[in-house]
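The structures considered in this document are given below.
You will see chain A twice below: alongside chain B first, and alongside chain C after that.
Showing the complex of A and B:
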């Protein structure tokens, strides 16, 4: 069974303006759903998680008429994203398209994850929004903005610390790690001075993203940084090629992600092919991002929530699970439906 | 002057109908506290209370000064309250309470420590406020307080059978009462767990008092700072970076979803009254002051029970009110509240007939019955005096008549009114004139939230201000067109989803100063009708505008690509009001068209906004009603000035002219 179900792809392309007549416009629907796990077959744990929704004493919010805040802050409020989305997967597209697409993300206030580029290629202003991944594993910041260092396990971290001089770090360091939930590993990462952790299922790891993310969120809440719980000082991002939609972003938010790194979904949405004109790709990406932001707002509104980062992130109470083993629901901290 | 418990009882019994028998309570706060903390607990038996006593002893050796003493004889469904005096440092006591409460529930005991202050004393149980008052024998105790809180409960998300879930909730020297259902609950509880809170009864109200106590007692933040974080106010301006950082760090303490909270606090030096409401103002809250006291309540009628002449006003959406015993009002919860109160507190020239119905000691059914009977008997004018919070007045009457109300009518006045003229000498509360189709409502004072919802015929004149969500879903049909005229100002969401009719907001209490007389998001989702607001209205207050930072970010991107000049960008950053309307004035067409996608959607169309003097068409539409308004309230001079000299911001939908201007009728 495919991860990219027909209706998911159709919706992404409609938002991007590849199909349909009204780009960026999520369809307005009413009660009922054809979604997994009850109608369509579930692919992931995410498909077993549903939004509990607003009710009479906690009314829904209409995001077309009333404010709903999708902005999220990272690095101690040093970086503001307009929505909980970071675009990745730019390193394997045609080089001529890369810079214009980064600019599109910049305009939309969306972060970019970039591997294997150097800071010189990126304008200074834009650099603040680009999480630049160091080519070599050294604990060194790349000038001008957030720097990602990939860390595969605890040994790698220990080695990294030994070979590096960590005295000049400014607090803009992110660690990209496999989908694992080992508490000691994360404790060392926080101690090393990383202020964002990216749990990336594409790097492997023994746990599904949902479980690792949710447990890391809890681990960070149990650690302290300068007397306050580490989770409130350290940003947490979820990454996987299989993050498909705003609803995945919304649910991963509930499990603890401040934002999600989108790797494949945007390419499917804009119908990426190298021969398409750059300006068209840019326009489609912007359409998509506006559309996804609107979808996130609609989901927030349906849950009676008006602020993403303070009210959705880690708020397991707003979600319920269907047909998940009890043990998994306990690890996720999400109650079974009906409770 | 100390306040006797009886006053708190009277004020809460005034809104008995808002609650149920499933929980009520009181909290008394005194600057002159006890020498030791009063640890108060609910248990099922004396044995269990001894068990809890020993658990405390174990954690605080030698600190529990005496064995538990039962506080009342009658129980709440087999649960009784006991008190243990404990002499310990606050942090040690706090930790012991967390651990003991966790152990009690883990061991399956029906019990809980619910209060542990030196200045705060809580009395709560199962029943109506009067029942709980009697069971704790508060009337016989000679209990005076510097501050009293009282609550009656209508449980929605947690059971009401046991007293654990009753309000007030207390933590240390804080006690709160709460109305609402916060959607951020899960996030808030995650923060509390991570900072060491171990045991929860599971309601959002408890979470709020823990946050207040933690941030003031352990983080040593001042009350105003804490209130700002919890209230989570929407703001059109970009807050300063320090405040953003504070909000970010304590994001787990920000509250979302519906709430109104009234809290009492003693820091050992002063006693504070804090009241706050959510950013959408989904729940009512009103505050007031007279010579001796300050007040906060869900309904004005409660304040009037205690003080007939108090000056009252509402808190702005997402804002807070703070007053203390020593410093009086520290922050009023509304800018220029004195001016705000000016119109409503003007003299009321009329007095009731000798034949009038006396509503004192009548519940709302009795009162409405009495009004109906008189109108059935053929009275064409009925006066009612001493009205205090009775709901539904004037509902269900189908014979034209004049109903004059002296006092403070309760919620839902004149709902579905089709033919009555209702004149109120006083303020009105929430939900006035829902789905009104005809007749008139004349208010010689303020109106509160959700005035004239789905209003579709007749006229409503309010001398003073109106609250949040006025005139939402107003509509018109053929010759049936509703007119809503507000003499003062209004808060957010005026005319949301408006589909027809006419609204005028005059701001007569602000004629001498430059200020905007409407809140945010006015005319959001408007599809028909016409709105007149005296003076200028920032176009970013009309409808919904995207966050300022998002718009600037987009434009900055265009600068980097060389499509917009640095100078133009800098010019735009200095403009306070970044609506599409404004951008169109400053940007080349091609650019403003591109940026417009942040503003417009299939479901959100631009409105027409004009700022000018009233012209002959406007006057044809408005003048008869404005003149009638002026006559009723003895404000003819002011109205004339407004008509002749003042600019109005006029708002209506672009698509079609739903409001046709007709010639005024002859005679």
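Showing the complex of A and C:
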């Protein structure tokens, strides 16, 4: 069964303005939901997770009329994103579109994850918003902006530290790792000096993204960096091409992700084809991002939460699981619905 | 204000037949078989089956629950007989202050979301069947106001409410939340806000009517207590509190009971709506079966269950659904979508656009070419209630009970098939293979 169900694609395209007449407005629907896991078949653990609606004992917040904050900070306050979203997958699109789309993300306050480019190719004014992936897993590319290094396992980390001839790295460094739940691996990444960890299911790994992410979050909460809990110092990002929507971003936030790296969803939303005018692609991407931010605000408001990073990220208590085995709910740290 | 003559337009063609069901590709809870079952009940008011065969169409938690009794017998096909006359489904609710002939509440659907005729049909059907109809948030339609068995809703926008309106019904419903959009307010799209809606709700024409997400005078459980008692004193009627089924539903239910409400309407995930943001509808809220089971357990533990009424709402599609929800701890069920289907809804999910082909949720216009026949729509809903109760009586007969009240909380009669250990634990129901 396809991950990209018809209603998910239609929702994305409506936000982007490819379909419908109200770009950036969260689509309105009517009558009962058919969402997974109970009517549509669930694809992932995310499909079994629901968020809270605040009522009676604490009020909900009306995001149409009251302020709600979606910004997140990474590398201390070194990188501020206006919403918990980073766009990726730009390396395989037509080169002429890349720079304008990076500028679109910049205008929206959204990060960009760039692979296969060099620092010189990135417009100077937006460099600080771009998480640039160092080629060949080396530190050569470091130039002051955020840099990602792919680390597949502990051996790779040891090797990297040897070649860089350092015991502790500094700068805005992110480690992109497979979806694994190995506490020792994550603590050595933190020890090495990385201040963002990207759990990327597309790199493989033996655990589903949800489980790995939730466990890393909990491992980091138990570690300390110079006396403070590591989780305050180290940002956590979730990446997978199967991250489909703002609700996925929101739920992954609940499992610990400060932000999500989106690879395929935006291309589907803007109906990416190389022959489409760059300006139109930019417009659609900006529409999409505003729309996703509004959807995240709706979910936050409904849950009675006014700030994403401080109150959603890692706040498993706000979520419940529907019909998952007890063992899995314990690993996720998400209670079964009704408990 | 427009009277009955213009609501039932004199020149319009009266629609008295069901539309054929469109073929659909997407999955749906309200499958063709479920709709056909409801249409059968609505057409003749007689039972079609004892055990709900449509439950194999979907995999709700409720669909995977069975009465042990059903598994003990060879699946019976269609049935044409009625249960013994000695079996009663009437229910006393709200600390004995209201008497219902059937354990059914006809869901809270507003005038505005529905286009007038369906609102009147539901309210008249409630009078004719001795049930109770919630009027929803949109103020009181003058014809609905002539009916006795209505519950007036007091929601966050207070559309069209004054003391006179509040006193019209048998009960007052404080609407805190609804299953299709927990945590956010009601939404009537601007296209449907026409002159008569503007008058009833006392809002401008052509503007989205978006109710505040919270009640701005209910920010705590103590605030809720004040509103409950203020409404009780102002009206002298029982007060029910309608909430969505959310994570903390057991605590909310016990809080609502402790603050003096006479009952709670718990609206589960998958419940209908006239308009809601997809992202909210699809990602928030518990299925009603889990919410009812956990709320009932908490109320019993706290000694608050006696006399207090639990109404289960959201995807209630058959008598067997009611029976199972009652066995899990509800007193009565709320029927919303099923009542719309009885009036001809074909489930195309276009209510928010105002072009309902079944003429149920369409925008109200001055000289419509076609209009739903009030007489027929009323008859359909009355028949639905009778047919539904006949099937419920057959289930009671099968499990050896004389009164529906005996069924309440009898989880021991149920077994779960293919449910996770976590789900069975919350339901307090045995699992079988």
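Here, the second predicted complex is superposed on the first by the 324 of 339 C-alpha atoms of A that agree within 3 Å, B and C clash if a C-alpha of one lies under 4 Å from a C-alpha of the other, contacts with A are read in each partner's own complex, and residues count from 1 in each chain.
Assume contacts are C-beta pairs under 8 Å (C-beta built on N, C-alpha and C of every residue); 3 or more make two chains touch, one makes a residue touch a chain.
Computed from a predicted structure; not experimentally measured.
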Which of chain B and chain C A:337 touches, first, second, both or neither: second
First (chain B), second (chain C), both or neither touched by A:314: first
First, second, both or neither for A:65, with chain B first and chain C second: both
Which of chain B and chain C A:57 touches, first, second, both or neither: both
Partner chain(s) touched by A:108 [first = chain B, second = chain C, both, neither]: first
First, second, both or neither for A:193, with chain B first and chain C second: neither
Contacts of A:208 with chain B and chain C, given as first, second, both or neither: neither
Which of chain B and chain C A:34 touches, first, second, both or neither: second
Partner chain(s) touched by A:171 [first = chain B, second = chain C, both, neither]: neither
Chain B and chain C footprints on chain A, overlapping residues: 28, 54, 57-59, 61-62, 64-65, 303-304, 318
Chain C - residues contacting chain A, complex: 25-30, 58-61, 176-177, 180-185, 187, 189, 210, 212-215, 218-221, 224, 241, 243-244, 246-252, 255-256, 269-287, 290-291, 293-294, 314-315, 337, 347, 349-352, 361, 419-423, 425-427
Chain B - residues contacting chain A, complex: 156-157, 180-187, 189-191, 193-195, 232, 234, 241, 244-245, 247-252, 254, 256-258, 279-280, 282, 493, 496-497, 521, 524-525, 543-544, 547, 549-550, 553-554, 556-558, 560-561, 597-598, 601-604
Interface residues, chain A side, partner chain B - complex: 22, 24-25, 28, 54, 57-59, 61-62, 64-67, 69, 71, 73, 76-77, 80, 82, 103-104, 106-109, 123, 125-126, 221-222, 228-229, 231-233, 286-287, 290, 294, 303-307, 309-318
Residues of chain A defined as touching chain C within the complex: 6-7, 11, 26-35, 37-41, 50-65, 245-247, 250-251, 295, 298-299, 301-304, 318-326, 329, 336-339
